[in-house]
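One structure below.
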Amino acid sequence: MNPYLELQSRALACNLRLPASGLVTGTFGNASAFDRQRGVFAIKPSGVPFSDLKAEDLPVLDVTGKVVYGGLRPSSDMPTHALLYEAWPDIGGVVHTHSPYAVAWAQAMRPIPVFGTTHADHCDGDIPCTAPMADDRIAGNYEVETGRQILDTLAGVSHLDVTMVLVACHGPFTWGTTPEKAVDNSIALELIAQMALHTLQIAPQTPRLKESLLKKHFERKHGPDAYYGQASSTSKDPSR
Amino acid sequence: MNPYLELQSRALACNLRLPASGLVTGTFGNASAFDRQRGVFAIKPSGVPFSDLKAEDLPVLDVTGKVVYGGLRPSSDMPTHALLYEAWPDIGGVVHTHSPYAVAWAQAMRPIPVFGTTHADHCDGDIPCTAPMADDRIAGNYEVETGRQILDTLAGVSHLDVTMVLVACHGPFTWGTTPEKAVDNSIALELIAQMALHTLQIAPQTPRLKESLLKKHFERKHGPDAYYGQASSTSKDPSR
Amino acid sequence: MNPYLELQSRALACNLRLPASGLVTGTFGNASAFDRQRGVFAIKPSGVPFSDLKAEDLPVLDVTGKVVYGGLRPSSDMPTHALLYEAWPDIGGVVHTHSPYAVAWAQAMRPIPVFGTTHADHCDGDIPCTAPMADDRIAGNYEVETGRQILDTLAGVSHLDVTMVLVACHGPFTWGTTPEKAVDNSIALELIAQMALHTLQIAPQTPRLKESLLKKHFERKHGPDAYYGQASSTSKDPSR
Amino acid sequence: MNPYLELQSRALACNLRLPASGLVTGTFGNASAFDRQRGVFAIKPSGVPFSDLKAEDLPVLDVTGKVVYGGLRPSSDMPTHALLYEAWPDIGGVVHTHSPYAVAWAQAMRPIPVFGTTHADHCDGDIPCTAPMADDRIAGNYEVETGRQILDTLAGVSHLDVTMVLVACHGPFTWGTTPEKAVDNSIALELIAQMALHTLQIAPQTPRLKESLLKKHFERKHGPDAYYGQASSTSKDPSR
C-alpha cells in the first residue's frame, strides 16, 4: 500500500490544471502539494510531459529535499518548493510556471503595480520582484538560493496576504493554504500581469490603486469580516 | 414547486456563457436575469465555480436586495445589480466581468473612444468610465455606491443606447433588455476594448469615428427604421 | 426540389469556418458563395447566430441584389457583396469579418505595409485601405457605396493579385476565385495584420519588404511558373 | 512494402503538432524527419491542408533533394531542409513555421535578445536573425540560398547549442537531434518571442540576461552535468 497516493493524486490534479489553463507550454512548470501533518510534499517529476504523468510518478519529499517515496527524479525546482514549505508551514501548495505575461514582468525586473480590483482581490499590494541573483549564489546551490531570494523579498509582508512573487529574469512562484489555491493564484497572476501591461499601454502614467480601494477589495475577500464566497469555505480562509 | 426555476435556469445559462466566451477566469464575474413582471432577479452565488453551478443554487432577490428564494449567498456585487434594476425597470439582465481588455481601460480610467463600426453597432458613443470612488463612499455601502456611480455616469444618455460602462479601477458592467443581450454586450465590449487598444498602437492620433457614420451604424441596427437582423426579433428591440 | 441547395450548402460551410477560425464573435461577419454559371450568390442571413444556420436559410440573390430564392432577410452587407460580383465576375466568393487585428488597422485608417513573406504569399503589395466615406454617400445607399469605395480603392491593381481590402473605420473584405479561398484570405489577413502590428512594436522604423522578395514569394505561389502546392490545384489558379 | 512508412509516420506526427500547438495557420509551415542511417528525410507535401495528410503522402528525399520515395510534390521549402541535413548530419528534424511572434521579430530583422531563463533553457545566447537576402541570391535558387543564409548565420556557434534561427523578413526555422525536439524548439521559440516583445513593452531598456545565469540554465538542461529531466532521456542528449 502506498501511503502517499492521495497526496500524489492531489498534486497531479493541480499539475494538470496548469496546461489546461494555458499557463504552461511543454514541460516548463510544476506544482506541489504539501501534507502539513506529515511534513512531506509531492511534486511533478522533472521533464516529464504533463499528458504522461501518473500519480505514482510524483516523488514525495520532506522539507530538507530528501525523497521519502517515489521513483522519478523530482523537478529541478524542487529545492525552492522545499525551502518555502520549511519557512512557511501554514501553506499547502506551491506553483511555478513560465506563463508569458508574468514572465515578461519578471524579465523586465519590475514588480507589478496594483492598478485595480482584480489585483486587489488576490494580493494586498504590488506583486514583488526579487533582485537578479548574485553570481556567487548562482554558482552555489542555485535552486535553494532561488527560495532564499523569495523569502528575502517577502520579508516584512505576510506571505498569506501576498501569495505571489516574480523571480527576476525567471518567472512567477505562487502559493496558498491549499495546493488548489496556489494554482488559482498562478491563474490570477497571469491575468493581472496581462491587464497591467495593457493598462500602461493605454495610459503610461496610470497611478497605483488608491489604498482605500485596495484594502476594501482585499478585506471583503480575505479579511476577518470577509463577505465574498459561501460562508463555510471562504470566511475562515484568509489566503484566497 | 419552485416558481423561479425558469428564471434561475435562464440566469444560469447566461452565467455559463461567460467562461465559454473567454470573458471570465476563475470565479470573477456574474450575470443576473430579471423577471419584469414579478420584479425579481436571479444571480450567480458568490465564489462558486461556474462548472459547479446548478439552477437551484442561484438566489432570487427583489430590487431592494432582499432574498425571496434560494439558499446560496448571492454574488457580492448583487447590490449593484439590484440598484440598476430598480432604476431601469425596462432592462432584463446585468453582467459584470473582469475581461482583460475592458479591465485595462477601466484601470487606465479612460472611456473607450468610438473608433469604428464594431463599436457603433453596439453603443451610441464612447463607452463611459466612472470617476474613481471617493473614500467615504468606499467606506459606506460599497456595492450600492458602485451602482450609484454607474447611474451618475449614465445621467444624460439613454441606458438603452449606451448599454455598457467601465467602473474605474474595477471593470465593466453591461445590461440589456434581456439577460442574453446583456451577455452579448459584454462579449462585444471586450472585442471593442481590444480593437481600440490596437488601433491606438497603430496610430496614436486616431480620431473618433465621425458622427454621421456612428449614427448610420447605430441606427441601422437599433433605430426606428433598423434593417439589421430578421424583422421579428430585431426591429422592435432597440437595445441591441 | 431546391436548385440552389448545393450553393447554399457551400456558402454555409464557408460561413461556419469564420467562428471556427476565431475571426468572428457573435454575428458580426458574413460569407457568400457565387455561382458563376447562373450569376447568383448565396449569403448569410442577417443577425442569425452561426450555430443556428441551416443551408436553406441562406437567401440566394442576383448581382442586382434581387432575391431569387430563400426566405430569410440577407445580411445587411449584401449590397456590397452584390456589387463586387457584378464588377468582378471571375470571383467566386466574398467574406466580411470584424476580426480584431484587421479592424484595428481599418480603424487606424492605414494600409498594412508588406513586411514579410507571409504577406507576400497572399497579396502582391500593401493591403489597401479605403478613405473614410463622405457624408453624402453615408446618407445614400450606404452598403452599395461601401462596395463602390472598394472598387475605387482597387482601381489600378488586379483584384486577383490583391484579394483583400480594409474599409476605413469598419473592417476587412476579402474575395477569391472560390468561396473557400475568400475564407482562406480572411484568415491570412488577420494573421498578417497581427504580425504587422507586432513588427512595428519591435522596430517602429521597419522598412517595407523589398520588391524582389515580394515578387519572388507572390510569384512562386501565384505566378505563371508557380511551384507551390500540388500541380493540379494550384499552378492554374492565380488567386491564392 | 513501403520501407519508409515509419519515417513518414513520424514526420506526419510532427507536422500535426504544428497546428495543434497554434503555430500554424492554413498550410504555412512544414516539418521533416531525418533517418540518419539511410541519409533520407520525409517532409510535408506542398500546399496540402494538415487535416488531409496521410503518412504515405509525405515524400522521402535524400540530402541532394532527390525524391527516393513518394508521390506528392514536397514543400517548396524542401531544399532548405535538405541543405541543413547535409551540413549537419547529427540533427534529426527541421521545422519551419510562420508563428506570429517569431515572424514579427524576423520581419523586424532583429535577433531576439536573451532576457530570461525560458530562453536560456532552450538556446545558448540570442536567437540570431539572418541578413535580408541579396537580390542575386533571390533570383537564383531561392530555397537553397535560404539554407545557405542559415548556415552562414550559424557559423561560429554550435548548431546543437543554438537550435533556432530567424530568416529575415520570412520566419523561423528550428532543428534538433530528433524531429520531436525540432517541434519542441518551434513551440519554445514562439513563447520566447512573445515574452521578449512584452518585456520590451514593459521596460524598453531591459538588459540582456547576465552570462552567469544564461550558462547556469543552459547547462543544467543541456551541459555535461545536466540534472534536468529523467536521467535516461536527457543527460545524454545535449540538444534540448
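Here the chain labels run A, B, C and D in written order, and each chain numbers its own residues starting at 1.
Everything below uses one rule, namely that a residue touches a chain if its C-beta (ideal position, glycine included) is under 8 Å from a C-beta of that chain, and two chains touch if they have at least 3 such contacts.
Keep in mind that this is a model prediction, so the values were computed, not measured.
Any chain touching subunit B that also touches subunit D appears here: A, C.
Superposing subunit C on subunit D by their CA atoms means rotating through 90 degrees, a value rounded to the nearest 5.
Shared residue numbers account for under half of those found at the interface formed by subunit A and subunit D, and the copies are therefore classed as meeting with different residues. Centroids built from CA atoms put subunit C at 32 Å from subunit B.
Once the centre of each chain is set as its mean CA position, subunit A and subunit C turn out to be 46 Å apart. For subunit A, residues that reach two or more other chains under the stated contact definition are 201.
Contacts between chains, counted with the stated touch criterion, involve the pairs A-B, A-D, B-C, C-D.
Those residues of subunit C lying in contact with subunit D across their complex are 115-118, 121, 184, 187-188, 191, 194-196, 198-199, 201-203, 206, 209-210, 212-213, 216, 220, 227-231, 233-234. By the touch criterion given at the top, residues 25-26, 28, 45-48, 72-73, 76, 98, 100-101, 103-110, 132-133, 135, 138-139, 142, 169-171, 197, 200-201 of subunit A touch subunit D in their complex.
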